[in-house]
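Chain naming follows the written order as A, B, C, D and E, and within any one chain the residues start at number 1.
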Amino acid sequence: MAEMWINMGPQHPMTHGLWNLRIKVDGETIVDAEPEIGYLHRGYEKIMEVREFQKNVVLTDRLCYVSSITWSHCYCLACEELMDIEAPPRGQYLRVITNELQRIASHLMWLAAYGPDLGLLTALLWALRERELFLDLLQLITGARMNQNFPRIGGVRNDMPSDFGKYCRKIIAHFRKKLEEHEALFEQSKIFQMRTIGVGKISRQEAVDFGVTGPNLRATGANLDLRKLDPYDAYPDLNFEPIVAYEGDSYARYKVRMEEMKLSCDLIEQALDRIPDGPYRVKPPRRAEGEAFRRTEDSRGEALFYVIGDGDDRPYRVKIRSPVFSNIFAAPIMMRGNKLADVVAIMGSIDVCVGEMDK
Amino acid sequence: MVDGELVAFVILSAIEVASAIMVVTAKKLVHNVFWLAMTLITIGGIYLLFRAELIALIQIIVYAGAVPVLFLFGIMLTRRKIMEEPHESE
Amino acid sequence: MSGHLIDLYGWSGALASFVLWLLSLPFELLNWIALQTGAQKPGPLVGFIDWLAGPDLTALVALIVAITIVLLWATAFHLLIIMWIERKMYSRLQDRRGIMIGLGSVEILRNTIGRIPILGAPFRRPSHLGTGFLQTVADGVKLFQKEVITPEKADKWMFHTAPVIIAASTLLLFVAIPWSDGFWLMGSIENGRPVNPLGILFILAAFSIAPLGILIAGWASNNKYTLIGGMRAAAQLMSYEIPMLLCIIALVVFAGTLDPFELVRKQTAPFSLGPVQISFLPNWYVFNPFLWIAFVVVFVTVIAEAERIPFDIPEAEAELVEGWTTEYSGMRFGIVFGFKWLRALAGAALISILFLGGWSGPVFATFMVPNMAAAGQMYPVPILPQEFWFTLRIYLIFVVFVWIGWSVPRVRIDQILNIGWKRLVPLSLLSILLAALARGAWWS
Amino acid sequence: MAVEGETLARLKERFGEETFRETGIVRDRLVKIAIDRKDLFAVCKFLKEELNVEHLTCVTAVDWRDRFESVYHLTSWSRNFMVQINAQIPHDDPHIDSLVPLWNGASVHEREAYDLMGIVYDGHPKLERILLPKDYGFHPLRKEFPQEVDRQYVSRRKIGGGG
Amino acid sequence: MATDLLARYLPVALFAIFALLFPVGTFLATRFIRRDNPTPLKDLTYECGEVPEGEAMIQFHFQYYVFAIIFVVFDVAAIFLLLWALSFDATRATQVGFAAIVLFVAIMFAATNYALKKEEVLYI
C-alpha cells in the first residue's frame, strides 16, 4: 500500500503558529511524523549579544506572547545569578504573583486552543472570556496586557497597587467557579473522553529520554516540578504539591493543566497573604563576567537561560532553552499508530508556542 | 402533438447510451465510475417511464448511491498504473 | 441624481420597444408571406398560436413559477434564516452577541431612508445594534465576487462537475418535501386529498446521491486533504443512510405508508395506540413508545447526513483544513458549503414529517376566502397557516441541532463508523422488531 | 552538599584527576566540570548509567574565538542535582561526539548547535539544519558572522546633542 | 393511476433541470462579476503553504472498504424489509410470517457482527 507524506503546516489550523508537522500516513493510520520548525526564527540569541543586559528584558518578553512574564523572569534570574545579586523579598513575591497569573493566562490560552482543535469552538470563547480577567489583573499591576516587560534584573519594575490584592482575590474566587463550568464542558462530554483517553500515550521513560518537561512530563506520573526541585524566588516559602497524573495520554495532559490552574490560584492567594513590605528592586551592576544559568518552571516546562558575560555591559552569549523545542520532537512517539484525526488531539494537548520554540 | 413521454424516453436513452459509451472509453477509472453512475441514474428514469416507481427509486438508492461509491473505494485501493496513464515515478 | 434616473428610464423604454420590434419581425414576415401566398394564415402558425394560448403552456408556465417559488422559498428564505439562527444561537452559547451588522450599517440607506423622521428610525441605528440578518447576504455577495481558483493538478472537468452534482441532489430534496396540504410540488390529488405514495423514499434517494459527488470532488482536487476528507465523507454519509432507512421501516410498520401527506394525516388524529386512547394528545409517532429508539436514531443520522458538528469529520477543519472543500473557492465553495445547511433543513423537515406531526397544528380561527376554481364558493383558511407550524417545527429542530453541535467536540472517523454500525444499526434493527412485535404479535 | 560532593568524587575516582580541567560546585546541587572533547562520551555515559542523570536539559555551543565550547546541562531528576559540562573543541576542527545514543533529547539541541554555530556532532543520526533554511550557507552565531550594527544603542545625548 | 404517476414526476423532471441549472447558472454568473488573476503559485495544490510532495491520486490504503461492501448488502436487505413493511398488515400477520422476519433480521444482525469482527481483524 502506498504511504504518503502529508504536510500539516505551516498554514494549517492545527498548528497554532508557524511550524510544519510532516506526517507519514498509511490510509488513516500515522506511520511516522516529523516536526519541521524554524519558520519564525528571529535570531534572538544573536540579537541579545549586542544589547545591554537590562535591555534584553524587552526582547525576552516577546519570546512567547502568551506567557511573556515567565520568560523575562527566567532571564532576569539568570542575569542575577551572573551578577551575584538577589531580588528583595517583596520583589520576589511580586514575581511569584505575576508569574502565576501569567501561568493561568497561558493555560487558559491553551484551553482556548484545545477546544477548537477538537471541534468545540465554544471552549475558545469561554476560555478567552476568563483569560480577559487575568489580563486585566496583569494590566492592573504592570500596565500592559500582552508584553508586560515587568521583571527587572534585581527585582520588578514597580510595586503593585494598593487595592490589587482585593481585586485579585475577587477574580480568583470568580474564576474557581467558572473553571467548574469548563470542566463540565470538557470532562462530562463522552465524546471528549473518547477523543483523548488513551490517545497519544507516552511512557515516563520515553518522556524523560526525549527531554519532555513541564505538564507533559507530569502527566506521565513524574512528580517533577522545578518550583519544588530547584526553588527560586519566594517559592520555597509557599506550600504546594505539584500536580501529577499517571496515564501519559492526552486526557492526563489536559487534566494536569486544569489542576495546575487551581494550584496557581492557591499560590497567588498564599503569596498575597505573605507578601512582605520593603523595597521591590535593587540596582544591578552594569557589567558582569562569568557564566551562569537559571531554569524556571515555565507554563510549558523547563525554561533555561544560560548567560555568559565577558566583562562588557552586553552578554557574550545567551542560550535560550525552550521547553516546547524538546516537547515537540517527542510528538512522533506519541503519534505513531494513532489515527490522523488524533494529531490534533495530541498536538493540542502538548501546548505548542512557536515564538519561544523558534527563538 | 409530440408525445412528451417519447421525448423523455429519447433524451434519457440518448444520455444513457452516451454515458455507457463513455464508461468504456474514458481514460481515468474515476471518470468511468462517474459515467457509470450517470448511466444508472438514467436507467432509473427509464424505469419511471415504465411506471415502475418503486423500482426506479430503489435503482437510484442502490445503484446510483451505493454501487459507484463501492467502486470508487475499490478503485482507490488499486494500483496507480491502472488508474490513469502510466507514470514513471512509481 | 434625478436627471440620471429620468435618463435611464428613457433609455430603457427605447431599448425595450426596439427589442419588442425585433422580436415581432419574424411573425410580421410570416404574416406577410401568408398574405402574399393568398392563404389567410399559414397552418403551423395557427397551431403555434393555439399552443401559446392553450392550457398546456399555461400549466407549464404555472409549474415553472411554482418551482421557482419553491426554490426561492428553500434557498433564499429558509436558508438565510437558518444560517442566521445558527450564527446567533451559537453566539449565545458562547456568551457573545454574534453578527450584528444591520441595515443601518449600509451608508446609502442610512443617509437616505434614515433621514425620514419616524420611518427611518431603524436605519439610523449604529451598526452594532442590528440583528445581523443581512450578514449572510453580505457573505454570499462577497463569495460571488471572489476569484475561482482551479488547482493546476486538479482533474478540471470533474472538479467543476462535482459541486453541480452535490448542489443539484441537495436541491432535489425539496421537490419531495411538502410544506403543507397545499404547498407542494410532487404529488397528485386523489379524492380531494394530495397523495405521493413514495415521497419519503424519494427524499432518501436524493440523500443517497451526494456521497458520490463528494467523493468525486475530493478525488478531483488532487489534494491529500480533499482525498481523505472525501473518502471520510462518503463512508460516513453512506454508513448513516442504513440506520435511517431501517428506522423509517420501523415507522412504516406502524404507519403503513411512505406518503408524507398520509403520514401527517395520521398524526393529526388523537393519540391511539392499540387499546390506549388519549384524546388531548395528537398521534405523533414520537409519543409512540415503540418508536422512541427509531426517533433518536433518525435524529442522530440526520445530524450525520447534514455533516453537523459531532459528526462533521469529513470537513474536520482542525486536521484536514476544510476537508473535501479545501480546494474550492469563490461561489463553488459558497455552494458546497452553504448547501450543507439546506441538507440540515431537509433533514429537519424529514424528522418533523416522520415523527412530529409535520405541518399539523391547532386551528385557532379561520377566515373565508373565495375559491378561485369554483366561482362564488368560499372555503375556510386557518389564521395561522400550516406552513407556519411546519416552519416552526423545522426551526426548533434546527435549534436543537445547533445546541448539540456547539457543545460537544467532534467524533473521530473510526468512532463515527463504529457508532453507526455497532450501535445505530443494531438499535434500528431492534426498533423494527419492536414495532413488528407491537403491531403484529401483540394486538392481533 | 552530599550529592554534589559524591558526584565529583565518583567522577574523579573513575576518570582520574587529569581528565578534568576544572571541577567545582557552583551552588547547591550544581556541579561544574570542564573536560576535553575526547572524554565527553565516556563521562556522559558514566553519568547516565552510574549516577542516574536521566535528563539532558540543553546543549549550548559557545564561540570563544580561539576555541569552541560545547556546554551540556544535565539533570538528574531522581537525585535532584545538575551537572554542567564544558567540553572544549578546537576552532579549526569543530567535531565532537554526539550524545544522541545516550539521550534522544540531545538530538534537537545538537541540531540547533550545528545549525547556528557549525559544530559537527559525530554520530548524530540526522544532523541537518533545524531553524534556518536548508540552503543557508552560514552559521550565524559565530563571532565572525557580522551583526548588522555593532551596538544597538542610541542615547538621548547622541540624538539631541545634549541633555 | 398510470398517467398520474408521470404527472407526478413532471414537476420532478422540471425541478431536476432547474436544480442542475441553479449551480451552473450561479457559477456562470460569477464569471461576469469576479476578476480572475491566476498565477502559477496560486494554482498550486494547497498543502499548507508548502510545495506539495507527491500526488494525492495514488493507491490509497482506505481502511473503510469493508463498510462500503456491508453498506451495499444492507441497502438491498433494507429494501426487502421496506417492501415487507409496506405490505405489513396487522390483521393478517401470522406467527410463521413474523418468525420469518425475526429470522431475517437476526441473520442480518449476525452477519453484520461477523463482518465487523472480520473488519477489525483486517483493519490496518
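We take it that a contact is a pair of C-beta atoms (placed from the backbone, for glycine too) under 8 Å apart; a residue touches a chain by one contact, two chains touch by 3 or more.
No experiment lies behind these values; they were computed from the predicted model shown.
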item	value
Chain of greatest Cα-centre distance to chain B	D
Most widely separated chain from chain C, with each centre as the mean of CA atoms	D
Dominant chain pairing [most C-beta pairs in contact]	C-E
Centre-to-centre distance between chain D and chain B (centres being mean Cα positions), rounded to whole Å	67
Chain B and chain E, separation of their C-alpha mean positions in angstrom	14
Chain centre separation in whole Å, for chain E relative to chain A (CA means)	47
Geometric centre distance via CA averages, chain D-chain A, whole Å	24
Interface hub residues of chain E, defined as touching at least two other chains	9-10, 47-48, 52, 56-64, 68, 71, 75
Junction residues of chain D - those touching two or more other chains	none
Contacts with 2+ other chains: residues of chain A	2, 4, 6, 8, 12, 28
Chain E residues touching chain A - in the complex, by the definition given at the top	47-50, 52-54, 56, 58-63, 124
Complex contact set, residues of chain C against chain A	90, 93-96, 224-225, 228, 309-310, 312-313, 316-321, 406-415
Touch list for chain E against partner chain B, complex	2, 5-6, 9-10, 13, 57-62, 64-65, 68-69, 71-72, 75-76, 79, 83
Interface residues, chain A side, partner chain D - complex	37-38, 41, 43, 45-47, 49-52, 208-213, 222, 224, 229-230, 293, 295, 302, 304, 306, 308, 314, 316-317, 319, 321, 325-326, 329-330, 358-359
Residue ranges of chain C touching chain B (in the complex, touch as defined)	155, 157-158, 161, 197-198, 201-202, 204-205, 208-209, 211-212, 215-216, 219-220, 231, 234-235, 238, 241
